[in-house]
């Protein structure tokens, strides 16, 4: 379980150009949840993610993960990194080793694990991201395709076996097929590992389809916290923040405004199609 | 934060100093630095100080901004001070073990400190009041007499333009890579020198790859915009030597004369 | 009138194998099409389909290995035409950071016209007009690295406009942007097109391709489909086979048809779908639905 309490982060505190990036953020994430975070560029999402694995320290407030306060200065950095794995945007840009296997081994190696354990984890995480271990282990990561590079980079974080996996826009810059492939992979890992998965996305269809819980960040504050149905029901507020509805929900909303009687909470194309077909048959 | 670095950054404005011909500003800055080394006693710093004050006031650049640019180089200043403070031999004022501070040491440290601060602020004023393009055009113009002996003046200036543009981008990139490797448990802060140097590899390799990618993209983008060296290029802001430049040049010569006179006569 | 003519284009990248011998990799394999002056053409296809290589062939950054490309009648493989071709066809690239040359916004916009040897006073006018055109006039003295991705991309577009080209090729300009940046860039491209600019827009967002007059689908270096967005997106199965998608409104419409709702074939946008579903149902059809 993750408990974030009164989390505030101020950049350049005390200087003339100080700015509040996070302002008294509170939320709880239950074990095994899949959480989507939405918000504008510059809303404070990235700052929040970097707090979750201790890359940034809060100006005030606490983050407790399974009973460990990671904001406590006595908590060891490596313990935090073991608990929370953070996959940055365009993670393929951090690859640096000669071979895929060596690159994936970087994280577990930093944890000081015995060599056999490292090797086992490398194999396991490369397979977890859907690559053929034997085929890729000795290949240079730079010779792989864009989508494969990203998988290797994600494997590098998975190899640390974090209890919480955080992904910042895991599909940024990918075309439709690679986009769905990566999301399916993330979903599969989540189901297999039963860990907490948190992902940031600008794509409301993905957020609605995949999340159990949605957090909306606006101007450094937690504006909403609820199920996709609850969050996307607040259309006016979302639009005021410059955020959109899932495509199907947008069409349903326009139809309702034109007087068609449709139930609330249709987020996917299938749900919308069922509801519209049913309404037309009445 | 990396974004706070103002060293080498331009402060938009339309003051007299901003409008001076970049060539004048570059030559003046170089001679001003030479002048700082001509000075041999504290009284000699009065003229450079007055000149710098005048430039700051005329330029209308907020002092806060200038100080912020100074911050990243504070370490260098502190280091210089410490070296001088402890290394210069002479009349001992204070001693602890092998460390001793001498009267001459204090004198040299303060003297060097003033010189360094005047030097850094002086050259910062050049970049703060001159558009990067003006700066590189100015350097190109000043170097062009050497084209005859094969110096690629235009290419050097273009390289500088691009460097000034991409330093912040690469710094941001570095920041991102460091954080990403830290998230994979990388430790850059502990261990001996060898371990620390080795710990830099996961940063340097991705950074080099990034730099090459940028270079490739940029070359493509420049070609697409019809860049073909300096064959027929024109400039939006062509440099013109105006009356204010003449006045500035005369005033600056006066300053040089004062510095030299002070050194020779006092 | 046709502006771009691509005939039997073949493009090979030369790489060296482990022994150092040159090996050709075919990126584009026999592609032909035309782009009408003043049209808005979208090119879609997955990574590695050859769409980006195609884009770079359109203004002479790359020249055909075989086949011919003419821009307004000029052959791009003739070195004598190169500056003319690049002035006529400007380009905006994917990465907003890596195409801005200068550390000050307006100096960057001036870069193209300066290279063309335009008179300083006219450059000034063009730069101001181009920046106003992308609504970035207030940012002319700013440093590009302090701007958002969408703003940087608008600067890059201004840099293209300032060269007064007849056509702008956008090579996945929205791939690295957030939704706000994406819609800004698309809006500017549509605006330019409305004022007469020929636009070639490469994208993997189907909603963006739906705004075009003409869509070209690339796969494996070949041109697989070509037509109006309505024609193309009606072929949902074929697109899926090419690992591509259709806009959400098209998906919803086809699912509704599968559930027995009578809808016209031509639905492309959310507005059209909403209109088709809410317009008064003809008496005959209404009976059918109610029975």
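Every chain is named by a letter (A, B and C) in the order it is written, and numbering of its residues begins at 1.
One rule holds for everything that comes next: a residue touches a chain if its C-beta (ideal position, glycine included) is under 8 Å from a C-beta of that chain, and two chains touch if they have at least 3 such contacts.
It should be emphasised that the depicted structure is a prediction, and the values quoted were computed from it without experimental measurement.
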| item | value |
| --- | --- |
| Chain B omitted: connectivity of the other chains | one piece |
| Chain at maximum distance from chain A, centres defined as averaged CA atoms | B |
| Chain centre separation (chain A, chain B; CA means) in Å | 42 |
| Chain A and chain C, separation of their C-alpha mean positions in angstrom | 30 |
| Footprint of chain B on chain C - complex, ascending | 56, 59, 61, 83, 86-87, 90-91, 93, 95, 97-104, 106-107, 110-120, 123-124, 127, 141-146, 156, 159-160, 163 |
| Chain B - residues contacting chain A, complex | 1, 4, 64, 176-177, 179-187, 201-202, 205-206, 209-210 |
| Residues of chain B touching chain C in the complex | 3, 9-10, 12, 131-133, 161-162, 164-165, 168-169, 172, 213-214, 217-218, 220-228, 232-238 |
| Sites on chain A touched by chain C in the complex | 40-42, 145-147, 172-178, 202, 205, 242, 244, 247-248, 250-251, 254-255, 258-260, 269-270, 272-274, 276-277, 280-281 |
| Chain B-touching residues of chain A, taken from the complex the two chains share | 11-12, 16-17, 50, 53, 55, 77-78, 81, 85-86, 88, 91, 93-96, 106-107, 110-111, 142, 156-157, 160 |
